[in-house]
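After this come two complexes, each holding chain A, first together with chain B and then together with chain C.
== the complex of A and B ==
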């Protein structure tokens, strides 16, 4: 048996496979592992604020049960005893689910999201619920009800990432609070923030994983995604949560990339070459590896779609305006403190007050834009146009995948404000295609650099295989710098 | 002179076992908030999944009303804030409904169907949607209670073109529509339970006027009778305003029917100008009926519909259109009639007994079968036919059959109601009566034929109503002449 001390040093770095092996050979118990994670969270998270809720008691209780099962020689599942963090816009039975909003500050669902149910059935135990932008809307938590969620930009010492830098799940993994995260990915929230923190992130095909229990922001652009420390872990969890269970993705991982045609959108790489030489160099290295492994890599044209950003905003806000209408203070969640007789006689006033007091600025902006889109002639015309743009984007990617099996895209993770990779992330959301991010190097300031692979609908197996091949060749897996930085932060 | 134009919007609850978008029961009368789940209670993150049975039933209704069934239709969200709407939007079909462009033929009351004269009322559309929760306003407390059992129950909304021209027509349309939907097994159409609800639009204008009248909507009627009364009241109200040159006071509004006072009143809270912000439902794929599996729904056999049955009853059984109309009023009744005739009863007799006697005791509906079994009624009618009991005695027997659920012969035996038909037995009675009433016999013989009736009455009395009057009459006549 390894010493406890050694485990407590390593626990934050461990992958699912490593933990599972440790459990199987009784190097450590599930309970003591969970306790180490909880201690780490208690020690570090105050400064990071990645969690909205930490499930200390339930996680320890579950761990004990699993330990018992294990000692009786029972099957504890593919993810038996693996701590899991779940973004707080994904419903967890009996665990407060707030969407980082005052509107749901005390909301405890009576049901698990479909994906959570699957992961729990496979033995995973929820260690906590992580922060996000209020209802996953917008690009920063500033001005939202849950200010706490904005602190974890600290993990990267104040540097701003594109996409959703406030993805608490990614930060929690980077800080070594769990080896697996279930999160919602809109506008690159899974893929871009995984790259930002040196993780593997998978955003599956729209429809590949049930959205049931994911509290919707945009409906058609939302998608449940996964983050893990390596591709194997990601593939394992995906195999559990996806709808179609015919093939086994973990077995396919080692099949290699020989014969695969990998396309590189030249518009994006040109732009990167000018902006970020380190990233361009890392991408170039990855391309050389793929070529050496027998893949056929070639540049192709896939320009950023005209009006994509506006179309995205219009569709997302229309859907959000409608999806968030149910938070009226009447059924559940936040209700304005009004004298009962006043509320009785002025229902509209009660609804208005409840919504005014419970939503943050970014959410209000989104609802107002959505209401404009849905209630005016001009708004309706905009929405029609936006839907056309989406169709054009879908067609462009369909066409691209007639000429290649995979698309390789850099992830620009250090620019300020909106970047060109944001635009591509939006296009991928609109096209509903799957994407995976995998670390491919480090910058001179030792920050991770990630690259992104995209494929046609339901080709997650192919994506993970290519990510795995690169990961094996680069052998970066032993080197996980971010969590150490978090240690230093304290 | 004036002309009235009426259009109807009818909401019908579909007879499915579970709700439109979740697996909750649609049972009526369960304890409040018993049949609810995250989906129909509109909890965050819950997603709808379409109940295919509701689609099948909507298609049946559409086909029976000669609608075009759209191969692809879709759902939309209709948004407004109200406590009965858990998601703050209702999932309905706005842009592309499942059925469009049908009609219903109404029998013209002035023309018999034999002449083939019908009035055709066009149906604009039928669409699927979910019901809202039920709000309860207790009288003893200043609160509003919400029962979500009804939230998510599948509905179809049937919208007619404004082609009905009188309140009677509107009532006749609804009666016929209800019969059709019941026949199809699409709904049980119980207005008192709210499984059929109807809003009406009415406008009145001077005959010949080109300008369309101002449309007024009326809500809150709980029976077909009330609908007709509300329309009659509203029609009169508008006519009077025209006649007193106050037609400008007719405004486009929604009025509530007050059944206690028998008048329509403007709604206290206006809901005009409400913007529903219709929006394609992103959580549900379109209903696509082009697959081989769903294709069969479009080809399903429909049962014989009331109109067709009516025609057949007239032709096959020689009934009047009036009788056929009553007997086909519900499928249960029509089936009952045919069962009775299948036991060998003449259709005319069966129709008579059912319409004049049985319907006093039975209000037919899908799940309330006749309290008197068809075989028992057939037996009773046969007993009359065979002269074993009198018509009057039979009515008494039928009442007892209904009350006690017993067979006719049991009651007849117990009450000793068997008709006396034996020649000798009756002859004995006749002779006894004649002997007791020699004066009357003399009067008859002197040519006062009226006395015959008196003597018959005496014979019946003596026989305590059980004597077969035909036989007794014949014997009396013979004896008086002899």
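== the complex of A and C ==
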């Protein structure tokens, strides 16, 4: 345990590979590492509020067990001793899972989500559950039941928005609280928030990772994703959680991009060129690198993202209205503290009170819109149209991938928040195709700039290969966006 | 189509939620603009699009991707769950009866009779 000081200085910046090497060569123990992360969380998270639950005792206990296994020369797994943060809408056995809602404030699942189970089986340690929008609904954390979630924006100075529902996980990684996050997204949340904090984010194909144990918001769009400090870490974790067991994403990484056809949507590049010179320059640099590495880069055309947001809202609300109907205080969730004699005579009133008291305004809005869509003729017509819009989006991407292997596009066209490209991140989720975000530079105000790559269904290996090639060429991993002092957040 | 406050309040009742007048008014405005945006999408752009499924995957995409067998797992925590239950009969948990045959709440004494 010779490098205690070295570790305390940079543990928050380490990747999975670096930590694993440190464990293997006994530079530091797993318990020491976990304690460092926990101390960092205790010191810095008060001002950030990225966590809803910190699993101090269980993480230290598990770390001790793994240390013992390591000292006996045993195999501790691919992710042995790697601290993991999990969004609070993904079930974790014995650990409170609240969905950032009062409705589930005391819910402790008796089982692990499939993805969590696989990561734990590979040796990962859950260090905490991170905040999100209530039930992952909405585009910012304002109005969530857990007020702490509202502080995420602090991590990024001057930000207007903070990357949709996964912001807790992304912020926790950026703050150096863990090297790996498991999260979920429905409208580009994983890729957007990863880009926002200068991380690598992978949103797999819809169906490539089991959603068992992910508390449902919108059943046809929910998808579990990953965030890490570099592409190798992301590929390693994806290899563990994916349903397809016969391929190795980490081995494929070094195959390069030679011969890959990369499409650039011309509508976006024109728009970005006019709006944001720094972003345009970073994207241009990435394109030149891909060309130098032997990829064929050409302009493509994508349909406009207009109507995508409304279609998303209609579909998501209809599904959320149905999924959240179970939280009535009787079957599931928070029950209003009503006098027993009053409740006895008015069960309906008790359910209304329980639901009204437990849900935030964003969730209520979503449920009411969903009820409208599902119970009126006009709503049904809107839903039909929304589903048609989704199919149009899916067909458009399908057509695009007949002409190219990958699509390259910016994530955020405005380095301070959401803008035109957000619609494209949402389109990828609606089409169910995989996407990865990788940092490609920094703005003049030192904010990370990310680009995203999208591929056809089940082509994550190709995506990760391209992301890895760019990452190696840019060598930005030496500059990891880890914030060191609490006062820098404000 | 414009959504009015009464429609929003009616939907809230159906969804078993209570809204203040202010909240209902804000929601009515919000929903109206959402529907307006959707109405602006030209129908000819979406006519003829298949609309039944969420994700349409080409099975050829899955070639070479050996998926895990789709077989149910045995629930691994049955014993632990049963141990945490107050009342067990024949290896199954007995849930308290919430309502009596008259529709009222059941008394504490008779809850576990059935």
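Simple rule for what comes next: the second predicted complex is superposed on the first by the 464 of 490 C-alpha atoms of A that agree within 3 Å, B and C clash if a C-alpha of one lies under 4 Å from a C-alpha of the other, contacts with A are read in each partner's own complex, and residues count from 1 in each chain.
Convention: contacts are C-beta pairs under 8 Å (C-beta built on N, C-alpha and C of every residue); 3 or more make two chains touch, one makes a residue touch a chain.
If you're wondering where the values come from, they're calculated on a predicted model, not measured in any experiment.
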First (chain B), second (chain C), both or neither touched by A:110: both
Partner chain(s) touched by A:14 [first = chain B, second = chain C, both, neither]: neither
Which superposed partner A:34 touches (first chain B, second chain C, both, neither): neither
Partner chain in contact with A:216 - chain B first, chain C second, else both or neither: first
Which of chain B and chain C A:391 touches, first, second, both or neither: second
Contacts of A:318 with chain B and chain C, given as first, second, both or neither: first
Partner chain(s) touched by A:331 [first = chain B, second = chain C, both, neither]: first
Partner chain(s) touched by A:351 [first = chain B, second = chain C, both, neither]: both
Partner chain(s) touched by A:375 [first = chain B, second = chain C, both, neither]: both
Partner contacting more residues of chain A (chain B vs chain C): C
Interface residues of chain A shared between complexes with chain B and chain C: 110-111, 220, 321, 325, 328, 330, 344, 348, 351, 371, 375
Residues of chain A defined as touching chain B within the complex: 90-91, 97, 99, 104, 107, 109-111, 113, 211-216, 219-220, 318-319, 321-322, 325-326, 328, 330-332, 341, 344, 347-348, 351, 371, 374-375
Contact footprint of chain A on chain C as seen in their complex: 1, 3, 7-8, 11-12, 14-19, 23, 27, 30-31, 34-35, 37-38, 40-41, 43, 45-47, 49-51, 54-58, 61-62, 64-68, 75-77, 80-81, 98, 104-105
List of chain A residues in touch with chain C within their complex: 93, 110-111, 206-207, 220-221, 243-247, 306-307, 309-311, 313-314, 321, 325, 328, 330, 340, 343-344, 348, 351-353, 355-356, 359, 361, 364-365, 367-372, 375, 378, 382, 384-392, 394-395, 432, 456-458
Footprint of chain A on chain B - complex, ascending: 38, 41-47, 77, 79, 81-83, 86-89, 142-144, 275, 277-279, 282-283
